[in-house]
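Comments concern the structure below.
For reference, chains read A, B, C, D, E, F, G, H, I, J, K and L in written order, and residue numbers begin at 1 within each chain.
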């Protein structure tokens, strides 16, 4: 049977949390194969001069380990 | 006094988590009356070929039980 | 060294949770200085006639206490 | 063997949290049979003019499903 | 898109927690259609004369709501 | 839209937890305006000679920030 | 310096949760000395014929260990 | 009314978590009377050479205190 | 001194959760050395036609990092 | 009876978490009176070039509100 | 197989949390045998005149029950 | 934008938890680049003959993934 692994990454974006998640996913997709799902576990942000300058999303990404496919 | 009940549903969407919440709400509204509020408790997603193909939002929906209005 | 404080506010919006967070931040920025970050800890909503009429976001905002800068 | 179900309701009262729990139980008892237990999971309140005008108790109620008795 | 609902049941068995989960599932399957998954959230037991006489498993069961299929 | 703030106080009483909550609320009402709700998050007590001598209730109080009314 | 220990007991009562806590405290006081505090961590109940027949309070009780006074 | 106490033990077994729970229960039964229930709160294991050599189950055991029966 | 790392994997099985844990461990053992322990953090399942078709166990596996042995 | 308030601050230090807590306390002591206790809820750090350059301690500080003394 | 028990104590010290843990351990060692491990679950403190006068550490201590050695 | 990853390690030391964190960091620094922060999530210890023989600190370490700098 397939065995999957979960890795936790933090994506960031100047636009939105949704975009921060997409950036996290795009980066994970460069290195990992067989991604099957993700969960957003934290949404925070960096503020400068009263404005959000960086949206950050903590994302747990699940992928199937190759030799179990 | 009014008594309310909480039901937990999972909405999905190919577009966004916001849309997944709206789909959950639209479905609940077909069967239940007197909806008063909701809370998003989990945001996850299904991934295929490195892209999110289905956004899923866990939503706890509160509604007032009819004979207590 | 700098000492920061965390305050918890609830922003609301008729449009979206993202907008509710922005409203919370805008209000905090009127009274507090040196805001450095925020975290969204809860997303809920008020419903009327089966529609979301008010999006609410619980936001923990961090700011540096003045005489420690 | 018996199978039970848990339903989550919110009772309210102008008098006390204890009374709010009793109201939740009385309402559940109208619709459900074979109630066996409950747990209070949240106690909050609505305030107007500096006074509590509505006590609210979140209650998880357990009942045995009929055809398993 | 499909909308799912989560219901929480407690299965019991004189044999094992695994069997208690199966009993919970069998009962849910009588009343609900389109079950897609479950999660075990609590394992406890009743003891008499120093022996476990009833295994109990709290199970959250997910099923797709009919008119969203 | 209105923005609210949550403050956490600990009320005490020699009589009961209910009274401890009321004392916390009465004190908050002296300094803060536009209180809208509260949640009891902890109930503990001080014991002397085997008797409760002080009931303590942790209470999170929500109030609307003035210039957003 | 004093070292304290925490023990967890479950008090019950046919009258109220407050009384269930008092019963738990009264029993602990028979066996243990130097009780200094308690915290209520769970309030549940047994139901028969739609009425609460037994209130149960989970209580964590702190007491100072004798030879450290 | 009866007052119960909860004690937390860790059972172990070379065979399974189920057996580890039974070992914890058997040991508790040697010293304590009037055991009424248990809850499994953690399942972990020791590994050697890639195999589980010891299953460990954290178990919270409830028993009624003698003079309250 | 030794430094260990924790990795989170999801094992699956058509037979049982116990078997799902063993499959997760077997797969981890192919790639990682010096495994010392594991903890089961979640047990869920996929259901088809009212039957569990895939048991899934989330497992946190600890292993000692090589150059610290 | 006295009513206390809890405020959450983040102290920092280049030396240690213990020192970060002391800095948080020293700062709180400048503005607030009648501090009675604190709890450390999080210990994190900033790293540069593989070294901790700033220890950060999240501290919840309790103080009695003046007109309740 | 060995069965262990977990007991929860609170150590205190005028010097540091580390010392408070050592005091808790020293006291446990007077009464209990076969201590195998501990976990620090809470670090708080008593404050007087703006200074920490008593560090307190909540410690869960594990020890093997004698007749299972 | 940069994407970071979080890895969880357990450092150990015969001296203190602070030293255990430093050992965890030193080891992570050998293999990983661009470390930006850490959080201590658990402090436990191994005991022999009534003394702590090994301090263990669970540390979540954040580092920026190379090709996102």
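Here is the rule we go by: contacts are C-beta pairs under 8 Å (C-beta built on N, C-alpha and C of every residue); 3 or more make two chains touch, one makes a residue touch a chain.
This one's a predicted model, so the numbers in the text were calculated from it and none came from an experiment.
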Repeat of the D-E interface, chosen from G-H, F-G or J-L (over half of contact pairs identical by residue number): G-H
Angle of the C-alpha superposing rotation, subunit D to subunit K, to the nearest 5 degrees: 120
Distance from subunit G to subunit B - Cα centre to Cα centre, in angstrom: 39
Geometric centre distance via CA averages, subunit L-subunit A, whole Å: 22
Pairwise touch network: line, ring, star, complete, or other: other
Interchain contacts, given as pairs of chains that touch: A-B, A-C, A-I, A-L, B-C, B-D, B-E, C-F, C-J, D-E, D-F, D-G, E-H, E-I, F-G, F-J, G-H, G-K, H-I, H-K, I-L, J-K, J-L, K-L
Parts of subunit G lying in touch with subunit D, wherever the complex brings them together: 16-17, 42-47, 50-52
Subunit A to subunit I touching residues, read off their complex: 1-6, 62, 65, 67-68
Parts of subunit C lying in touch with subunit A, wherever the complex brings them together: 18, 22, 25-26, 29, 35-40, 61
Sites on subunit E touched by subunit D in the complex: 7-14, 20, 23-24, 27-28, 30-31, 54, 58
